[in-house]
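To keep things simple, chains are lettered A, B and C as they appear, and every chain counts its residues starting from 1.
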Amino acid sequence: MKLGAIARALGATLEGDPELEIDELQPLDEAGPRALSFVSNQRYLAQLQVTRAGAVILGSGVSGPGCAVLRVDNAYLAFAVALGLFDRPVLPPLGVSAAAQLSPTARIGEDARIAAGVVVGDGVTIGARARLHPGVVIYPDTVIGDDFTAHANVVVRERVRIGDRVILGPGVVIGGDGFGFLPLPGGGIFKLPQIGTVEIEDDVEVGANTTVDRATIGTTRLARGVKLDNLVMVAHGCRIGEEALLAGQSGLAGSTIVGKRVQFGGQVGAAGHLEIGDDVRVAAKTGIDNDVAPGRVIGGYPELDVRLWRRVSAAVQRLPELLRRVRRIERMLGDTAGSDEPKAR
Amino acid sequence: MKLGAIARALGATLEGDPELEIDELQPLDEAGPRALSFVSNQRYLAQLQVTRAGAVILGSGVSGPGCAVLRVDNAYLAFAVALGLFDRPVLPPLGVSAAAQLSPTARIGEDARIAAGVVVGDGVTIGARARLHPGVVIYPDTVIGDDFTAHANVVVRERVRIGDRVILGPGVVIGGDGFGFLPLPGGGIFKLPQIGTVEIEDDVEVGANTTVDRATIGTTRLARGVKLDNLVMVAHGCRIGEEALLAGQSGLAGSTIVGKRVQFGGQVGAAGHLEIGDDVRVAAKTGIDNDVAPGRVIGGYPELDVRLWRRVSAAVQRLPELLRRVRRIERMLGDTAGSDEPKAR
Amino acid sequence: MKLGAIARALGATLEGDPELEIDELQPLDEAGPRALSFVSNQRYLAQLQVTRAGAVILGSGVSGPGCAVLRVDNAYLAFAVALGLFDRPVLPPLGVSAAAQLSPTARIGEDARIAAGVVVGDGVTIGARARLHPGVVIYPDTVIGDDFTAHANVVVRERVRIGDRVILGPGVVIGGDGFGFLPLPGGGIFKLPQIGTVEIEDDVEVGANTTVDRATIGTTRLARGVKLDNLVMVAHGCRIGEEALLAGQSGLAGSTIVGKRVQFGGQVGAAGHLEIGDDVRVAAKTGIDNDVAPGRVIGGYPELDVRLWRRVSAAVQRLPELLRRVRRIERMLGDTAGSDEPKAR
């Protein structure tokens, strides 16, 4: 692809030769003379001076290296668009593989691509242009919209409802039983049948091996545009608001409600029956133990406002020193009531 | 189903019309006039006043809304029983699918339901009424009891032993190799063959994508009635006691022993070679680093008694303030030994 | 197997009867008279006195029980070697199952063992002696070396490169899309196509249900000898150095670089765009938020040197007491400026 054509596609000002042939997009330190690269994170500016890239995408403030430059207002957005120019998605072959097992009562829309080893149960409805990679299992009576992509070995259990343009990564499980058990006073544990379901709205994407449990009753809901990373756990009865983004290995206990546009870092956990307001942002590894008002930025366990949490985190390493200082003060004052032994165990 | 029949099934006192037709169980805020609902968590009492449910299950202390009431001693237990009345479990078709691959040396009990894409290895024994959903893989020489349910894409590796009435959620892996590697002094890493096994006793249930590793030698054991939630990690050689409940994304390092009826919140981790006594309860995200005496309730990392941990958690946010107060005292006393700079780094 | 033969295989000095028949390796508390056992962890020395094992492997410092002893310099290494003597690995049958689906353009090396339900895409190359267990899915154009083992239901996506002697546990996903989304100012979320790949070098092993995402551009890399435990999450663009060991449920955010021989405990998390130097060791549940110099041993969140972190962890439980002591000092000094109410919220 010629650099001039890329510049036009990105709406970029080209500083360099429009006839330059570009074969690929690569990071600065892996790029060769036929690669386009970019910088958005300050951290990598030093690499810009030594890159062997043929061209780079740069924002207006950044001075270029020797190579060609595609000058744009927003380097990250231009990079995002450029990715699409070089994308070569892999689809299952058009049609239904002879090695797939579709129930005669399943209804599949036009232009489906259904690979070997796929199993679709009784009464399932799937819209147009479905892409089911090998080993996908759809249990009975599930209803799925158009442009559905399920990567290999996805499992969607019975009666789940899925909207349009949903993408499920490899190994995702939707609609598994919620963790509902009632230990009985006299011993034994009663399993609560999980008779609810999951509803996934349009434009949701779910990462590899993430699990979203069905509700005990009612519906576990991922609203329009929700994106879950890998190995995330959504328990029974949770509702996640539009365009919320939950990073890897995060987990929600049962019946918690997450607002619109909420963002979780990795390994966040939230207790059950909470309400987390719209636009809340949560630092990685936070443990959320209380309702959270809209717009708050939080960290720690239990959660604090993120600035307080950062101050606390900086202060906590001074605790051993602080103990010594207080002991010294007590000695100066002749006060022996404060001992060295913990009293509060 | 008529409300009168439901009342009889639950042993409830009916306050309302026994002829009312009930089609489903729903949460208060999703219930319509043909739905039965319930309240057990105080948090949702306000919804009771505005629900459109046709009937609700209530304990003796709670005054009802306008609709019919099923009055019981224990609302949660009655709800649990009611779930069973509305459960419509989905089973694979009776018999063995032509698209399943069963070794000729595998022995399968009566009334099996074995779906397409299932693979059962040489020398496997499975009891009566097995339910193997699509894509389940059972490696050779594994022995499984009666009433076994394996959801889609479960993997059980070789020589594992599984009791009666065990349920494995989608994507569960039982018997994967333990993480046993010995870095050699001169470089290179020696892989310890993991020649032990896993034993799962009766009435165990395991959630989606959870992994239970085989022991290096001997047995990783899930005792009778253990319930594991999704994405839990049980390392090689662990033993989990009867009726223990481990919530989502919890993990045990190798050879740790968990007592009977222990309960873990989500994202708990335990170090290896520990003994956690019977009836211990563990708050979410706790990091267990020491043996734990029976009956303790713990939280934090490393673990503390839960009440101390809660006091510490409340106190920790006052640390920046405390540092200022101690500095102020030092100034009042003319003491300059306690500086603002960390000394203990 | 006779004990004398085992002694020779381990280079051990035999204290006992070389004709003793040994059938298995077992832990001290499960071993019977035809079992060999061992002790390396001090914690289990007491069991040595009451074991019913026929023989034990012991280091030079440890006095034996009544049974036969295989005396060695390094008991753990001798045990590791002994495991190999009793290992009975389970392989898929030699050849390609009639129920596998191999693209006509896939090239598979000699002596392959490819089980039922395996799907191998167009243009895939796999070296000699591949062992693909049931349900493995290899997307198109992936290139894999010799002696590859993929356990049941592994997924390797398109264009991934894998070296020799790599082992992937059940349910592993290699090459899933990275979590790359750009919320747009006017609403909506732009999905960044993930056009990079994953490269896995020789002698890597990956545990059950772990996920390694493809890079946005360039390569996510697991260098030679890396070992990942179960349910680990490696995000797009990370690079993990030679012989690094990451324990269960650990996670790396995007573009983080992990040095050679680094060791993570369980449930560790690292933020994105970090550099973690060679030979760093990380305590379980640590949250790494900054670059880490080579050789450091760290714990806590954010990470501290492990000794400071342990002192801090011990001190933190004294915080409620410390607050009382400072208040007492303030009262002695007649200072009322330090109140009981938090000021720093």
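To be clear about the criterion, contacts are C-beta pairs under 8 Å (C-beta built on N, C-alpha and C of every residue); 3 or more make two chains touch, one makes a residue touch a chain.
None of these values were measured; they are calculated from a predicted model.
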Rounded to the nearest 5 degrees, what angle rotates chain B onto chain C on CA? 120
Mind checking chain A against chain C and telling me if their interface is mostly the same residue numbers on each side, over half, or mostly different? different
Whole-Å distance, C-alpha centre of chain A to that of chain C, is 23
Multi-partner residues of chain B (at least 2 other chains): 117, 135, 153, 171, 209, 231, 249, 267, 308, 311, 316-317, 319-320, 322, 326, 329, 333, 344-345
Sort out for me which residues of chain C touch chain B in the complex. 24-27, 30, 41, 43, 76-77, 79-80, 83-84, 86-90, 97, 99, 115-117, 133-135, 151-153, 167, 169-171, 203, 205, 207-209, 225, 227, 229-231, 243, 245, 247-249, 261, 265-267, 284-285, 305, 308, 311, 313, 316-317, 319-320, 322-323, 326, 329-330, 333, 335, 337-338, 342-345
Can you tell me which positions in chain A touch chain B when the two form their complex? 101, 117, 119, 121, 135, 137, 139-141, 153, 155, 157-158, 171, 173, 176-177, 179, 181-183, 187-195, 209, 211, 213, 215-219, 231, 233, 235, 237, 249, 251, 253, 267, 269, 271, 273, 287, 301-302, 304, 308, 311-312, 315-322, 325-326, 328-329, 332-333, 344-345
